[in-house]
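If you scroll down you'll find the structure; I have some questions about it.
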């Protein structure tokens, strides 16, 4: 097996925890991929910030209706039983605790659940979108991310160094190497790649991993 | 996913003593009479639920619906804007006897507090009631030279709602002015129980005309020939 | 002519100030009567708190639809171009300043614009309804009322004695004897019954009437 | 009453230098391209309006719509949640050169602030942005053990809105996800200017499916074959 999960495999793993009938918001970009990997027999209902509930896959190229898009401005289709609503009602769903799961990307996650995913610092143009709302209100706020940055530094840290999106909001992190819960402001290791030792994993993690009695194998199909 | 349920027992499961209960409707328009009467039946058979806090614009009329709940002794407190009606005996007698509590909330504030409960807004400011007895004890603030009262969100353990169409995912439409508080309450309750005049398959309600998206709905029961509280009143019906 | 206007005549006078196309809320009871007296060629759009815009007269007896009522729980009909909405949207119209006129009844009005119209004291069951919202937000908040109580005491006062509905909110009062504006916390007399002297009017008014150069005749048709 | 107007000059009358302007749409979905371009035409012909504060979720894309307004030099400040897009050059260049102001607002807070503006709620509390740089300088409060940021209403001098159907009284429907911020903005602006794909007589829109009641609308102009910003983008159109 490879030394780490691909993005598709991380998305696949996150998809396994979404229950049938769950209301789910997937952040723009990488998290959108989670929708592809719903287990057979389960159907989540996807919410997009711009006012659609129960949308489906992208239409074939050339058949896009640009009035029917998701928060990432990509063309979508509707499933039977969809609904349109305005932006205030849409964020009432988000902020009001009506979503079962929100899955976001991350630059950094701290062991206390702090998330940084909107700004890499004072340079450039800041842009926050819906992330600061999404991290509050959803019953579970999960992150999918590579375990380390492109140059190998840990993304799971004692404390975030980049501007925060929200404090104490993340409850589970799906990485390329592990599945980690955040409980009582600690990283609790739930699953790791079977070929990797706890010490190896700890060496690329910026805060101490709490080790429960049982640690599962993180195994994803080839995708 | 299918949120429809076959009977009242399943529809009303989880409504327990001491809970807060939002009930849709403005007078008879939108009042979910069958759900209310089924809850009264349960109380008469089992003694529960009692000690309820009821949230509705009014406090019942005549001897049916909310008035019959109050008469039956299920209600400890009423949160409403206008506890008067053509025949407000049920509430008035208990209130003057000190047997039922009352929190009076201006109608727009009541609507906005429920909306805030569903939308995750814990508090907001409104000009309504500033400088009046109703604002006593509430924080006030000045914005742009005008005074406002701070009001808190209002949520409930359960809501009883009357809809027109419902699909199996819980998307709802309403009928005329029967809409009133119901879309707000559906979002503000943990357990939202809907009686719909007709249940249809997902896709049969145009996504453009959905008023309450299914995310706010827990269970749906079909009541094809729902009664109208006002009509029952005029027929002199007493539910007991 | 009679010594004072009837309720219908007060309502008629108030209706003359409602412009074509104005958005209007009429309080339950006596104020509802204003709708009957719209001048020819003008059409106001009536709002009711329970979620209807552009409703019309009551249907014939026996043809009521009890899902289609006004805030007074009376059966109504729709005009072409009506709209239904929920209670929060309805009070957004009220509180957000979108109504041109709200017309309410009154127990007492003070010269500073304070209104008391919801409670006659600590006895009985208190009930406020939408009045506390309606007195804020509408561009003009007008009152229609008999000039004095049933036992002859002034209803226009230096200060209200009953529990307030709102402070400093009323801008015009239509009474059985006069039309009075509230400006800079004073009652300014605009019109009075032609057969009545200013002294007579002042004697049944509980605060000083400011007298502008021109005072019109308050004349209404027999109704 | 007839709120329809025959031409852009009448539709856009009253939009002056230094005003705040809400513009409906989320990306290209719901963007009132024809109204925006007509306002650019007026600016090019007369030098006005300039110094505008624009309120939209984004800050333009490519060389059409809001991006073309920014390019033309009409915009002093942008209030938005996400000033990025497939081609954000117009805004980015001016921003990095210090020629345009930016107020970043989380998307749900932006929606709720506009909704509050229309609903007469001067301030409210939200959990969004608590503890982040975006909340700096804003009052905070604790409710039921959780922390919240106080946010103020957002109103505008004018709003440009794209609707699907409009009747002459101003009742509106929208098309699919093009609804987004538009119903909120229509209520929050002093002057609400609508381009509708089709104007119909009062009574032709079912009162049950009206999304924006006419009370929130000032003027309507019919644009039967409205352009889609995303389509223009992909065709490489530059409006200038």
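Going by the order they are written in, the chains are A, B, C and D; count residues from 1 in each one.
Rule of thumb we're sticking to: contacts are C-beta pairs under 8 Å (C-beta built on N, C-alpha and C of every residue); 3 or more make two chains touch, one makes a residue touch a chain.
By chain, with names taken from UniProt: A, C = 3-oxoacid CoA-transferase; B, D = 3-oxoadipate CoA-transferase.
The structure displayed is predicted, hence computed values, not measured ones.
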Comparison of A-B and B-C by number of C-beta pairs in contact, larger one: B-C
Between chain A (3-oxoacid CoA-transferase) and chain C (3-oxoacid CoA-transferase), centroid-to-centroid distance (C-alpha), Å: 56
Intercentroid distance (Cα basis), chain B (3-oxoadipate CoA-transferase) paired with chain A (3-oxoacid CoA-transferase), Å: 36
Geometric centre distance via CA averages, chain D (3-oxoadipate CoA-transferase)-chain A (3-oxoacid CoA-transferase), whole Å: 30
Junction residues of chain D (3-oxoadipate CoA-transferase) - those touching two or more other chains: 112, 115, 119-121, 126-127, 174, 176, 207-208
Multi-chain contact residues (two or more partners), chain A (3-oxoacid CoA-transferase): 52, 84-85, 88, 91, 94-95, 136-137
Touch relationships between chains, expressed as pairs: A-B, A-D, B-C, B-D, C-D
Chain D (3-oxoadipate CoA-transferase) residues touching chain A (3-oxoacid CoA-transferase) - in the complex, by the definition given at the top: 26-30, 57, 81-86, 88, 91-92, 95-96, 102, 104-112, 114-115, 126-134, 174-184, 211, 228-231
Partner chain D (3-oxoadipate CoA-transferase), residues of chain A (3-oxoacid CoA-transferase) touching it in the complex: 48-52, 65-69, 73, 84-88, 90-91, 94-95, 119, 125-133, 136-137, 163-167
Chain D (3-oxoadipate CoA-transferase) residues touching chain C (3-oxoacid CoA-transferase) - in the complex, by the definition given at the top: 1, 115, 117-121, 167-169, 171, 187, 201-203, 205, 207-208, 210, 213-216
In the complex with chain B (3-oxoadipate CoA-transferase), residue positions of chain D (3-oxoadipate CoA-transferase) that touch it: 112, 116, 119-127, 141, 143-144, 146, 148, 152, 173-174, 176, 207-209
Residue ranges of chain A (3-oxoacid CoA-transferase) in contact with chain B (3-oxoadipate CoA-transferase) within the complex: 20-21, 23, 43, 45, 47, 52-54, 78-85, 88-89, 91-99, 136-137
